[in-house]
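Dropping a structure here in structure tokens format, bear with me for questions.
Chain nomenclature is as follows: A, B, C and D, assigned in order of appearance, with residue numbering initiated at 1 for each chain independently.
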Amino acid sequence: MIYKGKQKIWSDYQKEIPDDHWFYVRSCIRQNFFPASEVTFLRILRDELGKDIYETPHHTTCGGIAYHQECIPQETQMTIIARQFALMTEAGYENYACSCITSFGLYCETLETWHEMPEVLDRIRENLWKACRREFNIPKYLAHSSDLVYKFRDEIADRAKYKLVNKDTGEPLKVVEHIGCHYAKMFPSKGVGGAEYPYVLVGMAERWGGNVIDYPERRHCCGYGFRQYHVKANRGYSISNTHKKFESMEPYHPDFIVTNCPGCPYFLDRWQYVIAEQTGKTYGGNGYGIPVLTYEEMAGLVLGYDPWDLGMQTHQIAVEPLLDKIGVKYDESKKYEGTGGKPLPEPEFPMNIRCC
Amino acid sequence: MAKDNVVVIGGGPCGIEVSRNLRDMGYTPILLEQQPELGGHLRKWDRLFPEGVEARKVLKELTSDLKGVKWFTEVNIESIQKSRKGYTVNVDTGMSFETKALVLTTGFKLFPAENKQEYGYNIYERVITNADLEQFFKTKKDSRIQNPKTIGFVHCVGSRDEKACNRQCSKVCCATAVKQASEIKELFPDATVYCFYMDLRLFGRSYEDMYLNAQRKYGVRFIRGRVSEVSEDIDGKLYVKAEDTLLGKPMKIKMDLLVLMTGILPGDSTRPFAEMLKVPTGEDGFFTPKDTILEPCVTKESGLFVAGACTGPKTIPETISEARATAIQVHKYLS
Amino acid sequence: MIDFGYSLSKSRTLRIDNLDDSRFKALHKLEPDAYKCIGCGSCTASCSAGVFTELSLRKILLSMQRGDEKEYLNQLQSCMLCGKCMLVCPRGINTRHLILSICKICSIEK
Amino acid sequence: MRERFLIGFDPFVLPFMIGMAFVLTYCIVGLVRVILQLSKADRRKLAASLFKPANAWRNIRDMFCDCLFHVKLWKRNPKLGYMHSSIAFGWFMLIVLGHIETFMFVPEKAGLFYYPIFFRYFMMMDNYSLRGSFFFFAMDFFLLVVLSGILLAMYKRIRSRFFGMRRTTRLSITDRVGLYSLWAIFPLRWIAEGFTAGIAGGSFMTIPINMLLKNFMSNPENITVAWWLYSLALGTFMIALPFSRYMHIPAEILLIPMKNAGLKVYHPRKGFALAQIYTCPSCGVCIDACPMSASKQNLKDTSVYLVRQIKRNNARRMNAMTDKCLMCGKCQEVCQIALQSYDIRMKIRERATYNLELNHGYLDSYQPSIAKSKVLYYAGCMSSLTPVTGRSVKKLLDAARIDWTQMDPDGGVCCGRPLILAGRRKEAEQMIAKNTAIIESSGASILLVSCAICYRVFKEEYALKGIRVMHYTEYFNELMEEGRLKLNRGALRYAYHDPCDLGRGCGIYEEPREALSRVGIIAPAEKERAMSVCCGGSVGSLTLSQEDRIPITQASVQNMLFSNPDRIVTACPLCHKTYSRFSPVKVVDFAEALCDGLEKKADKVPEAVLETVEL
């Protein structure tokens, strides 16, 4: 590997990310799968860094899942997006940040379509007006929320309590970064670092002390693939793709995986359990799996937030081995304590993979 | 009777041959070259297809007799003024040349392989280009080539690829790939050599024999399918993904060496000259001559000629013929 | 093991370097022209048996070269050895000998 | 005449006796082996034929004609015939006369093998008789005959072309031992008898020798040495005989009755085949005849060498040589002993093992609908690559107003011969059965075939009830004879090529020529009919590469151009396709040539044709 070569590509793919004043939209599924990630994002940006991030409870789904399963036509989906933009416009913002990669890809696609075909934009404005009497401006800047964390990686590093380093050996942790397909594969110039060697997560992990590994199937999809998972008959195909990735990264013995997409961490995390139950194979050491983190969780850990506040007890794969490696202090007894004194139900433990 | 000056810009095989022929006709050619030596890309090549003639010998032959040719290396053209009499060429060394006829033989450049990011040139150790391999054939030294057992050649890197902003076929890379595959097999007889092609476009006298030899004598395995991506394994070997389109199956091969057959693009100076001298260029960026069939060396501007690979990918013999034809065109124009 | 109602599917990707092409090498020894195929498909297009079956000599030969001929080999059983392929092969491969040699080298696992 | 020694023995006869005993034992054991290897039915067939008077007479006649007089060789080249028959017949006469002498003068010694051979040593002349002098003369005469043959044989080693042979066989070591000892026998006999001519008498050959070297010759010490040498030469020859080509001398005596009994080869190295193999005299006539000899590298793969490898049981070479062969059958045609090399090769091929079996079960569901008609035309696989054949056949059939249908307009089932030629007869059965069913259910009475390869297999392997299988050369000739097909005669000169499977394979030589002579002039090829040269495209060869076939084709084309024809005509699509690539003159299919006669002919020869003639 020639690191310089990558640096050159990274320098070619830098995008402008404004400093402040963002209109933020959440992801449909992340709030369920990784319930604390988006909260953590807001906590870091607002509380730690003092940025102005605006949220509104009136925003909806972007329509991406339905669109990618060909349940709704493009025009409908564009109108949904137009409504989100209208909310932004009404709130007086120009910078639009979204939490979901599917949405990010879709926003890029929509903006590009409007750019290439202004007549479509006119029609969508008309649709939106007819539907809900709203008007909108096209955002000045579009970013994925990982772009923002990437942008403030130095500020976060300055406030860091922990480094991504094995406290016993002093070696950097081996990090697998997985980028959601729709982040830059469709529009390489819209992603930090481009499509082939995306830098957005590499930048964070390396800045915070980790070492990113480049394994052969790095570019491969996590296996979700919308219909491939949602249609049960295709699910074997979905898990096979995930399996391929694990087989490929296995020889590198990664310490954890970090992702920036709603679906990827979910499938990389949950499928490890299914693979273990089907084949008996686990990929972490000592019968554990490889912990899968969102970038917000990674940032939260670095900043010293309580892992249970970061929602890491909702992971299928136990994060404790990773926490121990970094030296994060945590109280095992509080894992299922829950907020507001209401305890979380404790999960059953599977047969073939150690989950605690 | 001393005849006129003719300025020739670009000291590759074409520029040299134009100058030599003009000299033979009694003109005083002034040959300007940006690089420290004459010879262009030919300097970097080891052998030429189809028979494997040594490039060194061809170059030696071309440069053996330059008496009467005024040639300057390491000169950059600052500006060119067109007047009624002809052209005034000003160069960075302070000299300027008056000429009635100006010949552009600015040649081509190889597609920068790193732009095809998925192939990982300059990122993965064992990915090299056709030019690198020629250099290795010349010097037998390259830290990246360590007795490889599996070698792949990727055709059409930066050619016939809209994503690489070059829709055109570079014409010479297929023949070069077949030549190089055979040559490397000769150096490493135990290696398995694969060529990944989209179409094999090598045509011309005895090229087919070269292809046949590569198949029969050297056992080079031709796979119809374009390499989609390359990645590196933990041991530093390359994973190459492609589809065998004749079998309709995706395939993955672990390789010790991957050679990218970079295509031909217009030289970097083509666009500045085109703008400076108002020579039209095609969508592909090469100079467009007055008439692509009957007057391939003449431009619409009077006294301005173009020859060689600056009007499109060409083989060396084609370039040489065109150079000689251009000299005659210049002579006709001047007399 | 839990039955989830789906399972890992086998990869379709050929791992060429892991496949065993010794049979192709043996074939090459018997018929040195085995490498000359350019995959034009003339043999398959003119094949007498191909009117009735899936027989494609091109696929058999190519897949042998990749070391992955198993799925195509049974096609060869329908060959009538009529020799039309030999007449149309632009590369002058003695296809009948190729077929007979494959019959000697390969067998179909039952 | 009386005996010189009472005991009638001298140690010098021992080499001869040892050799003789060895050869006899070897031959008897060999004979028993061959007979035992035959199947019961074959043994019975052979025994029956021996006692059938007509057959017995044929056996005797063949033995004389083939073994002694080499009639076939005389026909081929008189010099070659004389050389062989002078040695064989001369020697035979020497032996016969020696025995007669022994019987006449010393009947009590007739039981001793060596006595007639060394008669002159053991006898002395006491009185001069007419009877005696006749023998003296006769013996010397035949000695001269043999010696003249030996002299020619020596010359043949230097210049085989003198005998009409371009190439001769490369001899093995045992062959050389046999050859040189054979050459030595007769000069030595001459000298030995020269020594004793003073004592035992002699004639115009031996007496002069005796006189010329009187002093040397009369020394009794030298006499024994000369006879020792003579006996040694004989002994060496006989010891070498079973391992050399001279085994053909005794083996042919066995082969002739076996052949006349109509036996068939069933195994490449057993029984009938073994008898044939030992009968091969390694004359090498097949080397020149073999079309593969067009390139030097193939010389070692001709029948004579195959026989040698079969003797040595070298399986690898045997298979390689067999698989290379074009199976054109010409070596068999020129062979002096009619060695059935085609059958032997077929048996070798049939014994090859394949791991992958062919299976044509998929044909079961193939049910083509064929309109009922009188004539069913089977074009065959290859014809689809020479569409002119089918088109011309159609024109001719329609011109003769024949009620016909094509069996395989969109490709049909292969006739099976290519598979049979590859030695995989069993696997061709499903194809043969399918074709038989289609043909028999078509309701046609004539199966018309335009491919020589298909024709041969329909004739040999198919049992088509109530259906006449006709090659189109036969059929169109018949139509013309009957006046149903009327064609005009033009001035084009046609050189007709006899396809191997049609000519040598099925014996059809005249019909195509008769038919062609009705539309033009026949321009004979250099070698034709049974001597015709394979085009090189044969599906009979399993391993010959395209490149290696080129010289064969070129030589074959040259043969066709012998009398400057305007067209080369062939009656096989494979020959047509093969020739077309290399012929300087237009190659046409037989039917295509006949179609020339469908057009009204101008009185004079067209200009274009004249030009070619001039060239």
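Keep in mind that, in the parts below, a contact is a pair of C-beta atoms (placed from the backbone, for glycine too) under 8 Å apart; a residue touches a chain by one contact, two chains touch by 3 or more.
Computed from a predicted model, the values in this text were never measured in an experiment.
Shared contact partners of subunit C and subunit D, listed by label: none present. With centres computed from CA atoms alone, C is the chain lying nearest the middle of all the protein shown. Ranked by separation of Cα centres from subunit D, the top chain is A. A straight line joining the Cα centres of subunit B and subunit D is 64 Å long.
For the pair subunit A and subunit D, the distance between mean C-alpha positions equals 86 Å.
With centres defined as mean CA coordinates, subunit C is found 39 Å away from subunit B.
With centres defined as mean CA coordinates, subunit B is found 45 Å away from subunit A.
Contact with two or more other chains is made by no residue of subunit B. Shown for subunit C are the residues in touch with two or more other chains, namely 33. Contacts between chains, counted with the stated touch criterion, involve the pairs A-B, A-C, B-C, C-D. On subunit B, the positions that touch subunit A within their shared complex are 114, 117-118, 120-125, 229, 231-234, 239. Against subunit A, in their complex, subunit C makes its touches with residues 1-2, 4-9, 11. Residues 150, 200, 212, 215-216, 219, 221-222, 224, 241, 244, 246-247, 249-254 of subunit B touch subunit C in their complex. Put simply, subunit A touches subunit C in their complex at residues 232-233, 235-237, 239-240, 243-244, 274-275, 277-280, 351.
Of all residues in subunit C, those touching subunit D in their complex are 31, 33, 46, 48-49, 51-53, 73, 76-84, 86-89, 92-94, 96-97, 100, 102-108.
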